[in-house]
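Dropping the structures in below, format is C-alpha cells.
Two complexes come next, and they have one chain in common, chain A, joined by chain B in the first and chain C in the second.
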Partner chain A sequence: MAASGGAAGKSYRQVGVILVTLVAAPALMAPLLSGGDMGNVVGAPWADASLQHPLGLDNLGRDMANRLMWSARTSLCVSLVATLLAFVVGTSLGALVAVRGWWVEKVADRVVDLLMALPPLIFALVVLSIAGTSLATLVVTVAIMSATRFFRVSRTLAAGVVVQPYFEVAIARKERLIWLIFHEVLPNIVKPLLAQSGLQLCSALLLGASLGFLGFGLAPPVTDLGSVVRENAPALGFGLWAPLFPAITIALFISGINLLIDAVSGTRSRS
Partner chain B sequence: MRMFATQSLLALTTLWMLSALIFLGIRILPGDVAVAILGQGATEESLAALRHSLGLDTGAWQQYWLWLAQLLRGELGNSLTTNAPIGPVLLGRLGNTLELALLSTALVVPLSLLLGVLSVIHEGRTFDRACNAVVLFLLSMPAFLVGYMLIVSLSVSVDLFPSLSIVTQDMAVGEYLWAMTLPVLTLTLSVLPYIMRMTRGALLDVMQTPYIEIAVLKGLPRWHIVVVHALPNAVGVIIQTIALNVAYMVAGVVVIEQIFVYPGLGQYMVDAVGKRDIPVVQVVALFFGATYIILNRLADSFSRNSNPRLKGEA
Partner chain C sequence: MLSRVLGPGVDQLSENILSVSGLTVERMASNPQSREPGTRLLDGVSLSLRAGEVLGIVGGSGAGKSTLGRALLGYARSGVRISGGVVTYRGRDLLQIPEHELGAIRGGDIAYIAQNPAGSFNPGLTIGRQIVEVLRRHRALDSSSAKAETAKLLASLELPAPLKFMKRYVHQVSGGQAQRALIAMALAGGPSLLVLDEPTTALDPATRARVVALITSVIRLHGVAAIYISHDLEVVNAIADRIIRLEKGVLMSEQDVAALMKEHAMPRPSRLQARVEQAPEALLEVTDIRTGFATAQEVLRGVSLTLRAGAIVGLVGQSGGGKSTLARIICGLHPDYEGHVSLSGQRLDPSIKRRTAEQARRVQMVYQSAEMAINPQHTVEKIIGRVVHRHFGLDRKAVTAQTIALLQKVGLDSSFLGRTAREMSGGQLQRIGIARALAARPELIVLDEVTSALDVQTARGILRLLRTLSEREGVAYLFISHDMSAVTELCDEVAVLDNGAVVAVVEPRSVLGCAALQEPRSVATVA
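So, the complex of A and B:
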C-alpha cells in the first residue's frame, strides 16, 4: 500500500516491530513480570488504576495488566502453534498437488471446498459443540481452517513454479518428489507465503478471540484475550473501560503484523 | 443459462456434502457425545435415552437420510433442551439476522463505493492517505472492539442509542431503527474497509491501462475519467467483493449479535452450542453454510458475467 516510498516502508516496519513487541514481549515474559501469580484478588472489582495497578482491576478484583499478559500469552501461543501447523500441512499439500496431482488432488480439492463452504467461526462452533473446548481441540480446529487457505495459496503459487524451465530441468534430471517439493518449489514460493502467514496469524488470533468472547474459551485458570473481554463486558454499563483493554491489545498486535506485511511486500515489489 | 445450471448444481452438491459433514461430524469426532453432555456421573439409562434422541444408536447413514428427508420436507426436528420444534424459532431469528445484514448492506455499499471512488480521484493526496489510514485502523479492530467503542461513545457517554438491541414484532418503525443503529453501524464499520480497499485497488488497476492514458491526454477531468471510463470496467471485481462481504456479514453477525444481545440466528446458535443442543447447532450451521455457499457462487458468477472473456468458461 503506502509502503511504496523507501522512507515510508522503513517507518512502517519500525512501527510494526514496535507494536508487535509491545504485545508479544510482556506475553512472553508474563511469568517473570507478574511474579508468578495470575489470579490473585488484590482489591475491589474494577477498582480504578493506581501506581501498583496501572490498568486497574478486573471483574473479580485481579490486576488487569497481569491478566492481559497471561491471556495474551495463551492467545498468541494458540494462534502461533495453529498457524505453524496449518502452514506445514497446507503448504506441503498444496505443493504436492501442484507437482503431482494424483488422486490427492481430487480428494484435497473436495475436502478444501467443503471446509471453505462454512465460515470459520461457524465451523469452530459446530466442532466445539460436539467435542467441547480444550487446548488441543482449539488448536486443531483453528489449524484446519487456516490450512485450507494455505493450501489454496501455495497451490496457486506452486502452479507458477511448475511451468518454469528450471523445474522442467529438475524433472528431466528425474529428481525425486521430495526433492522437487522441498528444493525446487517451496524455496521459490516462501516469500509470498510469509505474507500469507502473517494474515493467517491475524485471523487465527481473531478466531480464537471471538470464540473466547462467545464463551467458548479455555477453562480457568488459563485465560485468553477473548475471555477477558467477555468477563469484563458488564463494566461497560458503568462507563468503565475494562473490556476495551484486551480488545485493544488484539488490535495493536494485528495492526503491527499488518504494517509488517505491508513493509515486506513493499520492499519486495521495489527490488 | 447453461452456466447458471452448472453453478446451481455445484452449489447443491457442496451443500449436500456439507449437510453430511455437519450431521456425521458427531460420529467422526473423538469422544462420546452423550457422556460429554450429561457428565461422567450420568446413569446408563439416561445415556441410552440421549443416544437414542440423537440417533446415535442406529446406523449413521440410515439416520442421515432420515434427517435429510425430514429437512427437505421442512421438518427441522426438535430442540434437545426445550423439546420444542426448531422451525418457528429459527424462522424468527433468521428474519432478524437478515434484517440486520440487509440494513448494513444498504448502508455500507454506497458509502464504501463513494469513499473508494473519491480516494482514487484524489490518489496520493491528503484525502486518500487519510482514507488509507482509517482503513488500516479498522482492519485491525476485532468486531467487539468496534462495537464496544460505539457503545462507550454513543450509548454510555452520550445517551443517544441503546446499548442493547431488543427488537420485537410490534415495534414502531422509528423505535426499531433506533434500536438497530449500533449493531448496523458495527457491522458496517467491520465490512467497510474491505469493500473500500478492493474498490480502490480495482479502480487503480484499471487506471493503469492505455485507454485511460488516452482519456487523460484528451484533457478530460479526473473525476470524469474515474467515474465514466474506469468504474464500468472495475464493476465486476467490486460486485464480487460485495457479495463475498455480504456472505461474511451473514456469518460474522454471530459476534455482533452477542455484543448487542440481538435476537438473531447467531445468538441462537451460540446459545445452542453453550447448552450442547446439537440438533439446533446442526440445523443453524446448515443455514449459515447455505447462505455462505449461495452468496459465494453469486460472487463467482457476477465476476464471470461482467468479464466477456471469462463468459462460457465453467
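So, the complex of A and C:
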C-alpha cells in the first residue's frame, strides 16, 4: 500500500492471510470436515493424538479437532456479527453527532463515556447474568461495547470532514442529513474505520472467549473457543496439551488479523 | 592567500549537490492490472544543482512542477509513481535508498516548503512544538535548547513575539505567517537543499513581496542550495541564479529570461464600459455588516455594498481583512453578524438553514481552493449532477445531459464525468467549481479568490471563461481578489475594503492608485 517497503508489507499480508484462513476455513467448513460429528464420545478422556484424531480427545473423550472447528465457528460468527453491528451503529452515530450536534450529541457522549468507563468483561457479565445467555444477547452485548469505540473514531474523523469547504458547499445546497452523512462524510472516513474494525473484531473475539471461559458462553451443544478452554483446563494439571489448542487457535486468528490491518494501513512498511 | 580563502568555497561550489537524470514520473493506469504505461507527468527530466546555487523552475499549471519538486525528495503522490531515472543527492540515489534513511534526509538535509502552508502543519499541535520536534529529531537538541532555537528562528523570519507565536495553532495565524513559520520549520533541520514549491502563490501582493525578500535573504544567509518552483517569473527572476522551464513534463532548454518575461507579459485588458449603465435594479444589498462585535477583534466594521443584476463588482483589500468572511455572510455560512443582507429587496436570514431553497439556489459561491471545495470521493457527474437534481429535480438521464452541457459551458467535456478531484489539475478543478455554481442557475456568484491558487495562464483562462459566462448567462459576480490585474480585467467597478469597511467604490483602473492598498500595514497586523 505504502509507496516503498512494499516487499515487507506484502509478506505481512501473506502471513496474515494464511493465519486467518487457517482458522476461518475449517470453522467455515466444520459441518463438512467433521462429518456431522459435533460431540460424540469416541474414546477415553484426553486420549493421545492418533491418525484418526490428530489433536487427541477432549475432557469427555470427544475429537478435539472437531470441537475446535465447531467452537471456532461459533466464536467467529458471534464476533463478526457483533463487529458488523457495532460498525454500522457506532459509525453512523459518530458521523451524525459530528454533523449535527443537537441533544443527540449530549446524550450519546454521556452514554458512551459511561460505557467506556466500565470494564467490558464486568459489563458483559452483569448483562448476561440478568438477561441470560442467548445468541442474541451475547451478540448485542459484545456489539454495544465495540460500538463505543467506533463512535469515538468515527466522530473524530467526521469532525475533520465537516470543516472542509466541500462540506460547506453541501450545507449551502441545503442537503438533508442523510445525504450529508452517507455521501459527504462516510466515504471520506471509511478507510481508517475499516482498520478499526479489524481491531474491534479481535477484541470482540477475546471478549466472547473470556465470557465462554467464565461459563457465560452459549449453552451446549453449541460451544465456543472459551468454553473449550474451560472444559479442558483441568488437563493442565496432568501436563496435557488439550487446553492449549483453543488458546492457540485464538492467538493465530488475532495475530493474522493484526498483520492484515498493518499491511492494509501501511504501518509496518514505515520505519 | 586569496586562493586559500576562496579555495574550499570554490571546490564546494563546483561540486554538484544534486543531480537528476532521466527522471520519469507517470500516473498509474486506473486499472492496475493493465500493462499499458500511464500518462507521463515527467518525461526524462535531467538537471543538476551545485551547493549554494538557486535554481528556478517555471512552467504553467499541469506542467509537472510540483511533481518534480516531490520527486526530488523521492516522493510521489498516491496514484503516481516514479518509473525511471536517478536522483543523486551527495552521491546517493534517493530513489534506491530505504524508506527510513529517506526519512532522515527529508526535513533534515533536504527540506520541502509546500504551496499550502496551512496544510503542511498538523492542526492539532502548536506550531512551536512542530518546529521543536524537527530540531530534536534532525539536530538532536534537548528540549530547552530546541525551544530557544525555535524562538530564534521565528524571530529571524520577522514573526512577531516568537515565544507567543510558538504557542499558536496553524488556524490562529494568517497565511503569510504560516508560510514564514513553514520556512522556519524547513530551516530547523539545517538543510543543505531547500525545495520551495510556489511558496508565495496564495499570499497577497504586499505579504508576498516581504516573504520573497525574506526567502532570498535566508537562502543567501544560510548558504543553502534551493530549487524555487513558481509560475511567477518575476519572483523567480529575483531569486534564482538560473532558470529552467518545464512544459508538459519535459524540460525546455535553459532560456533567456528576458525572452521568457516577454512571452508571459499580460496585455492590458480593455474595459467593459457598456455594462455599467444597464440593469438599474439592485440584486444584492449588504447593509452595515459587522462581525466579531462581541470581541476586541472586530473584522468587519460596517460594510455596505450594492450589486446590480448582471454586474461584476470586485472586492479588494488586504489579506485577513474580512473579504472571505463577507463572502460567507452573503451565502449564509457565517450567521454570526450584525446588519443585514437582502436579495432583490428581500431580507435574507443570516443562516442558510433558515433561508428558502430558492434563496439558496440564487446565490452560489466558488471557493479559493477548488481542491478542498470538492469532495475527493465524488465523481464530476455526482458533484454537478447533484446540484442539478437538488434544485430542479430532473430524472437521471436529464441530469446527465444537463451536466454535460454545463461541462461544455466551462470548456470541459463529457470525458470528465467519471473523474474525481485527484484526476484533475488546479485549473480543471476550478472549472468544475464554476460549473457546479452555474448548475443552480444562480443570479449571483460569489467568487472568493478563485484565481489566486492558479498560475498566470490558467488564471487568465478562468477569467476569460467568467467573462464569457457573465455575458451569456447574465449572472452577477462579486469577485473577491487581491490580484489587481484580474480585477481590472473582469470588473465593472471595484469596492475597496480597508480596516473593516468599504472605503471606496471606484473604477477598476483607479484601484492601482488607491492609497489604502499601496500602504502595507505593519508586520504584526498584516500577516
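In the analysis below, the second predicted complex is superposed on the first by the 262 of 271 C-alpha atoms of A that agree within 3 Å, B and C clash if a C-alpha of one lies under 4 Å from a C-alpha of the other, contacts with A are read in each partner's own complex, and residues count from 1 in each chain.
In this text, contacts are C-beta pairs under 8 Å (C-beta built on N, C-alpha and C of every residue); 3 or more make two chains touch, one makes a residue touch a chain.
For clarity, every value in this text was computed on a predicted model and none was experimentally measured.
Number of chain A residues touched is higher for B, counting chain B against chain C. Contacts of A:41 after superposition: neither chain B nor chain C is touched.
Once the two complexes are laid over each other on the shared chain, residue contacts for A:188 go to chain C alone; chain B is not touched. Of the two partner chains, chain C is the only one touched by A:168; chain B is not.
In the superposition on chain A, contact of A:18 is made with neither chain B nor chain C. Common to the chain B-facing and chain C-facing surfaces of chain A are residues 2. Here chain A touches chain B in the complex through residues 1-2, 110, 113-114, 117-119, 121-123, 125-132, 206, 209-210, 213-216, 229, 233, 236-237, 239, 241, 243-244, 247-248, 250-252, 254-255, 258-259, going by the rule given at the top. Contact residues of chain B toward chain A in the complex are 14-15, 17-18, 21-22, 25-26, 29-31, 33, 36, 129, 132, 136-137, 139-145, 148-149, 151-152, 156-157, 163, 247-248, 251-252, 254-255, 258, 269-270, 272-274, 276-278, 281-282, 285, 288-289, 292-293, 296. Of all residues in chain A, those touching chain C in their complex are 2-5, 164-175, 183-184, 187-188, 269-271. Residue ranges of chain C in contact with chain A, taken from their complex: 75-76, 78, 81, 98-100, 102-103, 331-333, 352-353, 355, 357, 360, 364-365, 367, 369, 372-378, 382, 386-387, 390-391, 436, 440.
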